[in-house]
């Protein structure tokens, strides 16, 4: 009964998580639970451990201590297969736009026609329908990142991690990405996204995780954390962030 | 010297006008070297890719060894292959000495380390770029090898052509194991060596010109391909 | 078993000597550069091949290497010019029987300027002594070939050990006759060569024949079947057939009719 409930809620939890390097803790998260319905945005200065946390949650890095728990059980291959991640710099295969999506779909043992239909659907979702046969490596930065998101969505993930996906993009390209993220969220995909852009956090976040020096200093509803920061670290970061 | 230039021109004209015996030699050179490079690719590329992707004890040592083998003197390779294939050698019963197959074997020994080493470099660089993304997509280390090989195809073709260049220009090994037998194992480089020893320097040089022509053609293909690869890379960045 | 599998695989690929690359039966002859570079073998072999249907594959190396290759079993017939070594080869059981085939002669060539003043002489020992006395550049094969063995024999007879001056006036190339002639013509040096290679050599530059006609310059060629008891793979029947043809009337006549610059270069003497 308990499992059924947690399955429905998609509860991702980091417990006593530590990543160390040369005796120094790069990440040290005591307890972080992500179970709200809307997008979670992770904010914090460089070196705060945001990307590291994302990689731990996605299972790309095994923590030196502690664990990531999904729906009450330690993160396993079954869970990982229901996660996807988009990186700061999109890593596209040296093939056509369509082939990049097909690569993922093939791995799901979809039929030829099923894949074809799904590719059209995805390309339309990302506004890339006329670039299907173009080499993925020849896309603009914004287009490439959209394709990377589409490829992640092709996995039908329950959780989508995004690591500063718009940091290198202009405002209009950023806007297109944000719309895709919100649409995915509204379809029930849990969004966990790292950003430097406080404006972006305001536009997208349901809840915000504030990090500094490898620690989570604050986690709460976006409005509360961004408008009435509860810690000195958050206040300083937001003040600086507002200036730049 | 003027005399020599005239001799060279007439020799070149003679060859280009279609001396069928000479074209048969050119054809055999190409056959042997293409075959050798294909076999080297089948052996060398998986080895190179495995060294790039896998982590196992002794890997560093193998890479050092492979890089050292790239500079193996062809004459030594020829001698080793001769000792293997000689009737008094372990593989003598196969009767392969003084056949094109023997030359292919020698060239495979020479070219495989080159292709393996270049493949490792190329795949290691690409793997660095792809590794997180592929793992995120649930692609295992082993399953990533064909993906990496395919996506590095342009750079790998360059590696193949580099191997081909070494194979077709090689003389020390093939003359020992092939024996430079007329109509059987006489290739461009051994013909050049023979004509030089006969003192027919103009003819030898004309043959050299054709070999250079082939090398230039090969290099033109290489540069066209790498230019294409580079452009795609630039547009991406 | 293992070898059988390899063999089957290679035959499937069409790569072994006996399959796609060449259909007809063949023999491998280990011979010297002089017989090949002069064009003699290219001239006479078509007759034998047409008559017998046996393809003759010639590996042309120095006599020393040819004998070593034959000892390894990598040839069916040995055709070289170093009688003592050939007899030793047969005595050691590597060859079946040695037969005289033909002869020609060595000549001492050198630059027209002739710093050792030996031109026109017919005594090879006097000439070599003069070259050594003049410290005039002399190029030696230095490769254990038949020509090299002959040259060393003459030095022994003069009581001069030129190898003590190796690197100064005495230069050892360690290469074939043609390559050695290229070195000699490039540095205006003296060298000993067989007449056939000399006549067919295309890069003489300033070189010419200075000493010839000494009976000691006689150059005998012999032919031997590699012993199939030592190496079962030896194609003894085809090899013997080739030797019989060479030493028989047809082969001897073919050798006699081979000419360079209208000169007969090899003199058949198989009896």
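The chains carry the letters A, B and C, assigned in the order they are written, with residues numbered from 1 in each.
Just so we're on the same page, a residue touches a chain if its C-beta (ideal position, glycine included) is under 8 Å from a C-beta of that chain, and two chains touch if they have at least 3 such contacts.
If you want to know which protein each chain is, UniProt gives these names: A = ATP-binding cassette domain-containing protein; B = ABC transporter permease; C = Substrate-binding domain-containing protein.
Only a predicted model underlies this, so the values are computations on that prediction, with no experimental measurement involved.
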Checklist entry - Looking at which chains touch which, would you call it a line, ring, star, complete or other? => result line
Next on the checklist: Comparing chain centres built from Cα atoms against the global Cα centre, which chain wins on proximity?
Outcome noted: B
Checklist entry - What whole-number Å value describes the gap between the mean CA coordinates of subunit A and subunit B (ABC transporter permease)? => result 47
Item to check | Chain centre separation in whole Å, for subunit C relative to subunit A (CA means) | outcome: 79
Item to check | CA centroid of subunit B (ABC transporter permease) to CA centroid of subunit C, Å | outcome: 33
Checklist entry - For subunit A, what residues touch not just one other chain but two or more? => result none
Checklist outcome for this item: As the complex stands, subunit A meets subunit B (ABC transporter permease) at residues 55, 58, 60, 80-81, 83-85, 87, 91-95, 103-104, 107, 135, 137-139, 144, 151, 155
Item to check | Contact set on subunit B (ABC transporter permease) toward subunit A in their complex | outcome: 129-130, 132-133, 135-139, 147, 151-154, 232-233, 235-236
Item to check | Complex contacts: residues of subunit C adjacent to subunit B (ABC transporter permease) | outcome: 3, 6-7, 10, 15-18, 21-22, 28, 33, 37, 42, 55, 57-60, 69, 71-74, 175-179, 181-182, 185, 200-204, 231, 233-234
Checklist entry - Which residues of subunit B (ABC transporter permease) touch subunit C in the complex? => result 82, 86-89, 91-101, 104, 179-182, 184, 194, 196-201
